[in-house]
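So that you can tell them apart, the chains are marked A, B, C, D, E, F and G in the order they are listed, and the count of residues begins at 1 in each.
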């Protein structure tokens, strides 16, 4: 019945403690999202997600959590899928423009900068609400593999391994314990699936854990088949 | 007498739990709409709706729930018909432009993207309210049949079979139980009518259940006659 | 003393039940308007209204409820006359443009679409209030006679016969009971006057019931004289 | 101590009963204005007003209630004189443009349409308040004499004889009783003065009742002298 | 402790009694201003003001209440001097433009119209507050001498003699009693000083009563010297 | 615990007493600023200020209260330094433009007019707050020396000697008592320092009292050295 | 449970005491930021920061507190990193433009002016919130070394040595005690590390204290290696 005071009602103001409640509330939405994980390996990057359908009749092509920005960059999202789509569209345009203008693939960090800048604007200016989505962007560019995360504040950070969405704290704890420097790509896939499982609270089956990899060698986004995922589960 | 706190009053803000109340309230309006159903069959797609007139003197041409976007794409709507019309108009312009510019029919998913993007904007920007309508868009394009749904959030998903509007949960339960892979178009029509009936809570007659099909072969939207519907009812 | 909660104060928001109060309140204004009726006959369309003056000195030319959009289309309004005038002006411009651009009379439904679209915008965007007026548009175009109604939501529907304004429910009940398929134009006029009388709660005289017809043959709007109305009253 | 609910605070919203309070409050201001009267006679039109100065030192040229739009059209105002001036200026520009563009005097009703449209906009759009003024526009154009009235809603009507401002109801009662079809211009002047007197609650003298006539013959606005008014008073 | 209801908080709305509180509150500010007086004489016009400095070290050039618009027009202000400056600047530009465009001095009433129109806009449109100033504009143009007053509503009126600011009612009473038709310019100066004295509640000395005259003969604004004022005081 | 009513919350409205609270609150901020003083002497003008650093490590170049607009004009500020900077920048641009366009130094009063006009706008228009700064502008132009002051209302006045900021009333009292007509520049410097000392409540040392002079002869802004100040302190 | 009054809710208004609460709340956010320090030495400038990762798997490249604007200017930030990025981007563009347009490195103070002006705008205009970040900008330009600080008000000041963020008061106290005129660059590095340690409340290790220097000689920003930092820690 207790409710915070008025500082949480308007998007562009600080509370007396210097907090931006709207942004924090958006993070609550993110925390209810399906678990997603990103892992860096010297051999490439991995994205994994729990993509459980709402109904047995749902088409798996439309409740994805993992998307492709460009040949060499993927993203896993947690939060409002309609908000995410807006950012996905903008990111894809950025990647294509980059290829057209400079004849080379977009830099992972530059892409993140473009998206985060837009997200920041929505936290400081009136007449809009923050984006209700967090993202793990993983890619391999000329400078190597990168796993970057951003949230509704529009801040971004880099990680060796990171989870987002429901029970992200549990998954992060697992990643902290199990991640090893120099982990091979296969090990990263296995660890990512393990983290998704931890956050999913219960048994998971190969058909609901989705995994995508961008090997350093090919620099090409590839979704693992259900069989490949099954191999890593047990 | 209890009412949620102030987070439901302004359209572009999150509640402390990370919810967008305005969008949820728009969904309430949708839930009071007449039942509509969309079903995918390998032989085509089906849309069905309960189109009960307000008065015996009402002209059936003006309380339709099923509309045509283009030769190969139809839509069933639940919610505010004036809001739906705005989206219908935009979608039709998109389909026509596509034919003019590229000399080919619009892709079902691209059409959905255009409409959903507009719906998302109305949930994040101030000075407007979300659209008070959900849609089942069904069509057959070069990639085959598709049944996609969108709601006031601007998210969209794909289904083999899906109901919206009043008692959608009951109709969805029926669809889950009865839908079979490889269902022929005729079976899909029968199932759609059955689902509409379930959601309509009571006897329904051939004159108030409206059905449209887009067979894979013809890729052409066709409304079933009252006689055809009658055949499927019993 | 009870008053609904805050959802009725801002025009562009939904209440928890998914209602748009501002639009509903505008409908209250409409319900207090003078009774108007529209009837379709295979031989043409009829509009009737109670045009009681406020004072014996009032000029009948300025408290009309029935107006002409174009040679072949008329309209009866219930609600705020200043709001109606804005829509009348826009509709007339549309009709004239149609004649100039395409050298043919405007389609009744297209005209209704133009007006309803504007009305819808005023229910979804901030900084304005909905139009406080409902209209019965009746006309005869190349596709035959049409009687369409619209209200502050910007939705429109078609009817064989329909009343709006004060006691519209009583008038509609009468229309439901008495309307017959194939009704001749004269019978439609008589029925329209009867419906206006029912809604007017009391004796009415030929000088306060106004009637206009658009016969299918002439496709030309014509106001009945007081004598003609008198004939139909008894 | 009782005060209406919040529906009266924002200009562009309806109350639950479908009322626009801001417009109604503006009418309250009008009701406190000095009494004005307009009368139609087959021989011309008459405007009369109580123009009592605030102080004996006040210059009668600056507290007028009767103004001229054009050679053939006059107006009497009740309400906020600064608001009225805005409309007067716009109306005069319209009349002049009409003469320049079409080489003919403006139509009385067209002028009223222009002014009322502006007044309507101020009742439906945000960021402004309604005009706090009502007007009786009287003129003689090619179609004859006209006495039209408008109020803060932006509606307008026509009358044989009509009063506005303080005690308008009493003056209207008198007009209803005394007005006769075919009243000569002189009789109309006398009746107008009588009506102003009735609304003024007390003795009035020739120096505070102002009268202007536009005879059908000359179609020229003319203010009566104090002597002429005195003749009609007794 | 009692405070009026919410109608006084927003600038562009009417109270239930049809009042514009913001404008009335601005008038309160005006009523606290130093007393100013304007008087018409057949021989010219007079402006007088109490210009008491805040401190003995204050430069009299910067707390003036009487200003010059043009060679032949002056003004005395009561209220917020920063608001007045905005209007003064606009008025001076108008006067200069008039001389440049038409090669003749501005008409006093036209100048007043320009300033009052701006003041009216600030009472009807949102996002601004009314001007917190009243003005007595006095001048001699081709049509003779004029003393016009305007207030925060943007209305203006003409007077033979009028006071504004603190105790304006007392000064007006004096003017009503003492003003005589055909008063010579010298008598008008004496009366103006007397009125300022009455409103100033206490002894006044020649150094704090400022007087300016625009004789009909010269049509040229002239400030009286302290000696000239002293002569008229006793 | 008592707090004024709502009139202090919105920037552009009057309270029932005709006060602009936001402007008055901005003045409160000014009253907490470090003391500054400006004095006029027939031989030039003087500005003095208490420039106590927050920390011994602070760079004196960045907590100045006295700034230069142009060679011949300086300013001392009390209030928000970031707000003052905005006005300083605008003033400097004005001075430079004046030199470029007219090949002569800016007039002190014209500069003040430009700055005060901007300050006034921020008190009458929505979407902004008033400037939280008061200024003493002192300069010597072709018309001689000038000491002008402005505050958040955008009003400006002229003084022989004036203090602003903390304890300005005490300093003004001292100035009133000690200021003498014809005071030499050296005496003005001494008096300015004395006034700053009075307002500073306590001992002050030559390193925290800053003084700038613009002698009439050179018309050139010059900051006194710590030694020069020391001489005047005792 | 006590909460300040309404003055803290809107960004652009003053409280009765003349305070801007939104700006003060933004400062609260800054005070929770990681400690950063800037020190001036005649031999160059030093920036130091506590860059503790959130997780052992975090990539140190993405939680930096020290950034480079240009070859010769660095910055340490405390507060919201997404807000800081906006200012960093703008500053970098300014530096590059300066090189392109004038073929010379940007002036440290000019850069600070550009950034602070933007920050000020966000405290005075509606529809935005202040920037939630404070910065220490350190650089060496043609006029020597500079250490400048700015905060959410948009004010800036200069210091010999200054801390910001968590426990800045403790660190400032240490700096006040230990800073010596003529401190060599090495000593400044040591002191900066010591200050960061003081503010960090606990043991710190060479891997979490980051240091950057811009020696006067090279005028080139250089990050110290972990080994170099280790040397200075013990």
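By our rule, a contact is a pair of C-beta atoms (placed from the backbone, for glycine too) under 8 Å apart; a residue touches a chain by one contact, two chains touch by 3 or more.
Keep in mind the model is a prediction, meaning the values are calculated, not measured.
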{"item": "Shortest contact path, subunit D to subunit F, counted in steps", "value": "2"}
{"item": "Interface composition of copies subunit B and subunit C: same or different, split at half", "value": "different"}
{"item": "Cα-superposition angle relating the copies subunit F and subunit B, to nearest 5°", "value": "155"}
{"item": "Between subunit G and subunit E, distance of the C-alpha-averaged centres to the nearest whole Å", "value": "55"}
{"item": "Centre-of-Cα separation between subunit F and subunit E, whole angstrom", "value": "30"}
{"item": "Length of the line joining the C-alpha centres of subunit A and subunit D, rounded to whole Å", "value": "68"}
{"item": "In subunit D, residues with contacts to at least two other chains", "value": "10, 126-127"}
{"item": "Overall pattern in which the protein chains touch one another (line/ring/star/complete/other)", "value": "ring"}
{"item": "Touch list for subunit D against partner subunit E, complex", "value": "3-4, 8-11, 21-22, 25-32, 54-59, 61-63, 80-83, 85-86, 89, 122, 126-132"}
{"item": "In the complex, subunit A residues that touch subunit G", "value": "5-7, 10, 12-20, 113, 116-117, 119-120, 123-127, 147-148, 153-162, 172, 175-176, 179"}
